[in-house]
Amino acid sequence: LGKHLHYTVTIQTVSTCISLQNVEYMFGIVGVPVIEVAMAAQASGIKYVGMRNEQAVEACRLYSKFSARPSSLDMISSVVEKAVRTSMYGRPGAVYVDISGDMVNAKVDRSRVREVPCCPPPPVSMADHMAITEALAVLKGAKRPLLIIGKGAAHGRAEGALRELVEGCGLPFLPTPMGKGVLPDDHPNCVAAARSRALLQSDVVVLLGARLNWILHFGLPPRFDPHVKVIQVDLCAEEMGNNMQPAAALLGDVNAIVKQILEYVHKDGWKYPADTEWWTTLKEKMAANATMTKALALQSTTPMNYYQVFHHISQLLPHDCVIVSEGANTMDIGRTMLNNYLPRHRLDAGTFGTMGVGLGFAIAAATVQRNQNTGQRVVCVEGDSAFGFSGMEVETMCRYKLPVVIIVVNNNGIYSGVDAETWEMMGKMGDLTTVAPPVTLLPEARYDEVMNAFGGRGFLVRTEEELRSALQLSLSDWERPSLLNVLIDPSSDRKQQEFPWLTRSNL
Amino acid sequence: LGKHLHYTVTIQTVSTCISLQNVEYMFGIVGVPVIEVAMAAQASGIKYVGMRNEQAVEACRLYSKFSARPSSLDMISSVVEKAVRTSMYGRPGAVYVDISGDMVNAKVDRSRVREVPCCPPPPVSMADHMAITEALAVLKGAKRPLLIIGKGAAHGRAEGALRELVEGCGLPFLPTPMGKGVLPDDHPNCVAAARSRALLQSDVVVLLGARLNWILHFGLPPRFDPHVKVIQVDLCAEEMGNNMQPAAALLGDVNAIVKQILEYVHKDGWKYPADTEWWTTLKEKMAANATMTKALALQSTTPMNYYQVFHHISQLLPHDCVIVSEGANTMDIGRTMLNNYLPRHRLDAGTFGTMGVGLGFAIAAATVQRNQNTGQRVVCVEGDSAFGFSGMEVETMCRYKLPVVIIVVNNNGIYSGVDAETWEMMGKMGDLTTVAPPVTLLPEARYDEVMNAFGGRGFLVRTEEELRSALQLSLSDWERPSLLNVLIDPSSDRKQQEFPWLTRSNL
Amino acid sequence: LGKHLHYTVTIQTVSTCISLQNVEYMFGIVGVPVIEVAMAAQASGIKYVGMRNEQAVEACRLYSKFSARPSSLDMISSVVEKAVRTSMYGRPGAVYVDISGDMVNAKVDRSRVREVPCCPPPPVSMADHMAITEALAVLKGAKRPLLIIGKGAAHGRAEGALRELVEGCGLPFLPTPMGKGVLPDDHPNCVAAARSRALLQSDVVVLLGARLNWILHFGLPPRFDPHVKVIQVDLCAEEMGNNMQPAAALLGDVNAIVKQILEYVHKDGWKYPADTEWWTTLKEKMAANATMTKALALQSTTPMNYYQVFHHISQLLPHDCVIVSEGANTMDIGRTMLNNYLPRHRLDAGTFGTMGVGLGFAIAAATVQRNQNTGQRVVCVEGDSAFGFSGMEVETMCRYKLPVVIIVVNNNGIYSGVDAETWEMMGKMGDLTTVAPPVTLLPEARYDEVMNAFGGRGFLVRTEEELRSALQLSLSDWERPSLLNVLIDPSSDRKQQEFPWLTRSNL
Amino acid sequence: LGKHLHYTVTIQTVSTCISLQNVEYMFGIVGVPVIEVAMAAQASGIKYVGMRNEQAVEACRLYSKFSARPSSLDMISSVVEKAVRTSMYGRPGAVYVDISGDMVNAKVDRSRVREVPCCPPPPVSMADHMAITEALAVLKGAKRPLLIIGKGAAHGRAEGALRELVEGCGLPFLPTPMGKGVLPDDHPNCVAAARSRALLQSDVVVLLGARLNWILHFGLPPRFDPHVKVIQVDLCAEEMGNNMQPAAALLGDVNAIVKQILEYVHKDGWKYPADTEWWTTLKEKMAANATMTKALALQSTTPMNYYQVFHHISQLLPHDCVIVSEGANTMDIGRTMLNNYLPRHRLDAGTFGTMGVGLGFAIAAATVQRNQNTGQRVVCVEGDSAFGFSGMEVETMCRYKLPVVIIVVNNNGIYSGVDAETWEMMGKMGDLTTVAPPVTLLPEARYDEVMNAFGGRGFLVRTEEELRSALQLSLSDWERPSLLNVLIDPSSDRKQQEFPWLTRSNL
């Protein structure tokens, strides 16, 4: 009576990261109407992972590109086929199928159910030749060119073609958070360490499956040159011209279009010179930033600051691990200091609006990795506030023995907290609901003990040595999850930014 | 207080029919908050057409591909740009901008308003070469090929390339309702007169911007061969594989892709033979259908039947007129009997769900035609029930002296009615709310007098002679609208169909 | 496939006006899935009225207090029972039941369908004794008391008790638009002719089923005394305190509560004196306003102004007719000049947002009146713009021979228009879409001919004599509808208002 | 840009339990736009409690009776007043105010903000005298009468009048889950221990602020006598007749109406005899059920079963504590075995749909209790699956030192789990995502350690002695929260029910 089973094909959200040909996994929260579905799924060979909280699921629904509610039982197979296909064709996105509770136990004559085969890989389109010519004219005229590699390039599997373009033509590039790893972050042409400068001074920006949204400051001053020319490469026509009229719009599959561009530059052998003022500027800025970051990273204070923590993590993580990231400062700084080396090995929880999805992403990724025997690790870097949204999912990891490594960067608060002594003092000043700043959480909360509570390995980490040792132990354990509760200076903050990555107050 | 101004860029709905580069027209219902907007629009050179009823507008909102509500005054220009652009890029569609009433009289510092230039024509993409090769292999292997030309081909302006393909390769084609006129309906390769047979027996169907929706019976038996192979040409990736897995999926602009195909067939000179059994079958069926239709059309009875009416209309309409069509039988039979000779000269009101939009479409089309001085007429063919949804818009036509020719095919009812005598008898049998069939309308309602009421020309038409004479007079009058109230046999129906165009009960 | 039948129990909207014990009527637009329902309804004894346009229906859905979508066929009877009951119990309102198309032809085992009897009349509640005492203390302390009689009093059938209160205690009263007729508008204690003054200077206002919404200027200065005390009588708890904290809140059925008040005042014989300054003020203002209105009404110019028109209409309308009213000035002035003498005999189309419902209301009211043989007339007073929203419904009136009298007060525009000469001149100045003010409609549009077109009686009215004669003829004709197209001075406007009834620009 | 602050007046949800005159508390999740609001709230004297997860909040929105989005800053005060008022007047319910992010830092001229005083207590209405007479006639004719005391009686503070009615007239009563405590559960006239029998055989049921929803099996056979007569006492007119036509409908405030009834029975001194067959039946059934429950409760096995656990808890809980309850079996059995002795001291998380709200309710209740210095404890009884939905909120309890006692009744699963040994065996059989039943959770998960992790007191409980000792220690600690992780037999289930409390599969 009015109850519905919300069956969301969430696995597709993870599909940019790990290749899947068919639905092999089902993730769900068990309530009465779901039990039967879950058991039926298992019986038909689908692996079922029971979660503790449907938040990660709910988040998807809000942004789903397709949602449907089959009106009868025999419609389900074709609706699910359409959902799966829609999630993969065109711009990928979550889809939502709502199956009413009374269907779960209903029966249907098998002969009435049409068998719907799984869809083939997405169709591919290329750009118009004229648009390619226009784009190349603009690019060749650039004094300060910049490629921006986005999620669309990752999804389009454009890594091979892009490497040829970057290296063959000698162009600087910058990944977006979800574009990290399409080319390795330590590639000599990667100018991420001079991100703000590169964006500000470039005169021709090539967007490769990247969008001019808030992550890229809408392409507007003061973060971009007001006269910058933009070349858009995107498979979504409606995306063209968003926030800025492009100098050239290349509509189609990113991989196919980069190959088209390569055909042209192969003919005339065009190359952006290596000895330009632009490269000099970028390299100087990168060196300066590296120095400053390194100075912060090497401070060797206790409690640690963000840069120390990420410095050591970055040194120890295997290059082929999947990095899931969630939080405020933790996610921002992690983006710059944790390198990705392989495409589709990063899941960025994104904006505050969807806080709490990180552990769900990690569970999905680890389930798939284990079943595909890739030998790759899933590492989940969380702020302490972010962890609180779905921290009970560590029980799920323990239950299924998923060897996820969770690193909670714990500053006792949201954006920033206070230390234990200050907290105690506040408690004496009056009712904490009156005196405690809204951003503070309990100082030195033992998130590591939460992991221990369910049989995983928890580590309390205060020093660099403890951090390195705990991370090495965690990475060597393939039988169960670990959690590093890294206590940092609650007043630790990002280093001064020329421009912050994202001006949150503008959200 | 809670009132909103729903400003819908409806003119874009008409843009498949008549080319527009910029927003030149505004259509609206005047209420308090709209008056100021309408006056401001006129002051800035936009033509304003005040309608009587917002129904045509409302219909669009339900299906809009983009809808937004600017949160402040200075956002309006960029929101409208995005709306206009989104309506034209990718699959075209209606868009919806909701401006809250309190913004209408609010003021903003002009310096805060960003000037947003009009977007360039939509970007174009092409199909992957491999997909083209696959498609050609399938097409060349066809014994009974069939091209289906849809709205996407009209929107993509593929008429030139398609003519070359059809004529160069000798292929039979079929237009969908909105694809009519891309190639002329009287083209020798057009097999519309054998529509059901062509769909049923074809072994390879090429969808050119056409979708396998209910108009095409979802591509399923018993209307299609269960083993038919489908080649899809579409600019929307998510459309690929809908209802049927295609043998080849060509993603991109229809015009660009047809040109790609032509490049290949030019090389090897492939041509489908003219002397096949397939052509024989189709031609025989076309001849048989033509004979049957002609027999109905030439019955010369009074009251007339549908076929007589459309026969004479089709003889008199200029080849370059824009045909707007709405109704049940009227629209269905009109599709087969009223030829289109030019692309984008037909507006089909479509399914019942949007009944009442025909006169609005006609007003928009006539406004644009007059301003572009094309010398082309707008002819609106309506069922009597359909006309009732927005019949008061004839006042709008008279007010602006728009020379639309409305032909109401009047059968005293919805699907079918009764004659005046039967009606009178029913009235004597009891309360009409109890005894009159729900489908009946007032017999011989004088819709022509409604036109006279506002200074247009109304004609009551009972015979073939009256029909020809009234239509000729109407077409020669460029100063005001006309309405032909064509009384037909209320029991008139479509001729027996092997399969009806659309099985309504399946809707 | 995705089509739904929107079955709205609209008859309930009319139920404040005409008493109904059971659903006896069904109003609908016929399309495929509705035909079967309509025929089934007729077969089971329900009277079916086929409308031309679902606008009146649609309007209801937006404001429905209950909406449901039965999930299976055997649920329909109980869902409809709940809908009907909810529409009548508590604050009455429209309800909405959405039956999916595939249910219409589905079958169900009759034994599975529970018979649901029709609900009894709504339960009645009374106010708390303490609240009554408080209210009476406030009322007795009033220097300038004012009763405001609203829709809730009409719905609650409080006319008898209210007459006793007004006459027994000698209190002045004012009806809201939907409260008109609960007590006759010509009652000596009715101070409607001094409305603005009464609202402004009253120190104690008793709201009897009336709400402090925009119709009553939210109870705020400058339209009300800032220190006014309000006694609220309402059956909806959530309404109490809306926009203003009341001095007393009497929760319950208006009729029951007025009777409770009467019990108290009967005991002590309290009476508000007849010789107060307040009564003197009100009577002077009423006399002054009457003089001014009369002056306008007696101008005897041609073309007429609004006041002349309504003066003559008010003289000729039978006291027991149902008045339906819709438009801008037409509705506003009609409210003050057309008296109601019986409760629940007025249907006010209300705000612009629901324009187009007037003819639908009139059809419903006339259908019910005829079947109940009340001998009462339905008179529909419409502005010309309002008429255009659903003018084709005159065919429905003619079809069912419903003797509605429609009076279109035609000023050639929305708020105001131009005369024929000016219009012609404009046409010569350029394209009318550019030069014609957005508020203008075609001058002297012959709405009367629209009525003639369907066999009703249309009258073109320019003079007072024509108005009187046409109205008398219309009222004497019980066989068919009439339409008086009353051409007034297009620049005619309301007389200067101290405060306008409603400041539209604040909407 | 598109971010909104969802400010929900959730405190009102708790208002049935604890009396509040004004908004004194704010509960929120801190993100950027909320920080400023939280700080401003604290500055103006409101207590702020920062939660970890907005789930409890989200749940409310779905069922809110009022939701609004102020269109400008100066509207906020009146919108919040309306929200608070609406939440308390009429049927109480959650309300939702959505304040757009850009308002948070916007400024407004203080003179433009209208001060809106807090609303007075809700207005009270009484039943019609005739309805009272009818109801009494039915009640006096009853052979097997039964009062059902619901949430409405608790909200209406009808405890005094109800005690007089029950004791004065000698009537048996039954509380609904939220009606528990209005009269003490150990009252001699409480027949909860014979619930199914009482419902099934009663011939006259008086619903006192209780609804015939699924909790009461819709009032239908086989759970009710098909000829049962129902007297409804409710303040919501639309509730009357829902699912069953009542023999009498008393509309108004439950407390006021019970007093009206008392007035009548005082006059004639009517009393239901104590020596009826009905009382004999009920008492025998109660004794039999008590015996069976006691047998289960006294089994003294380890691991314990549900009845043992609740037996000991019920013995130790102070009579004035607030009980929050959430889960499946845990909530169902807890309803029957944990007595309430005071009205408005129980918060039942209700159906599965809102799982995860229990800890949020407990935090709100404990915050209010502490500030009102009531000396009452908040005890939260949770199933292990339910706890997982928002278990991280224990950090919030620790942070604010709220002495909530959480009892997790842990059966290693949802409905039922497996023991550690079986789990280990499963792990060896294959991938747990394939072999583990979807309802299982990690065996013996240490939820107590989660509490320890944040400085609260966790207890692992396996035996009756451990349970008693841990509960006593927890109740004596007023400085911090405690969590009892009570491991029970994973195959433990409810005792056989004649009819289960709720047939979940019917949901």
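Each chain gets a letter, A, B, C and D, in the order it is written, and its residues are counted from 1.
As a convention for this text, contacts are C-beta pairs under 8 Å (C-beta built on N, C-alpha and C of every residue); 3 or more make two chains touch, one makes a residue touch a chain.
Note that the structure is predicted; figures quoted are calculated from it, not measured.
Steps from chain A to chain D, minimised over paths through touching chains, total 1. The chain with its C-alpha centre at the largest distance from the centre of chain C is A.
The distance from the centre of chain A to the centre of chain B, with each centre set as the mean of the Cα atoms, comes to 44 Å.
Chain A and chain C, compared by their mean Cα positions, are separated by 58 Å. Centre-to-centre spacing of chain B and chain C amounts to 40 Å, using the average Cα coordinate of each chain.
Counting partner chains per residue, chain B shows two or more touched chains at no residue at all. Residues 66, 78, 82, 85-86, 89-90, 117, 119-120, 122-131, 235-238, 240-243, 245, 249-253, 256 of chain D are the ones touching chain C in the complex. Every residue of chain C that touches chain B in the complex is listed here, in rising order: 1-3, 25, 28, 30-35, 38-39, 42, 47-50, 52-53, 55, 101, 105, 214, 352-353, 355-356, 367, 371, 385, 387-392, 395, 398-401, 414-415, 427, 431-434, 436-442, 445-450, 452-455, 504-507.
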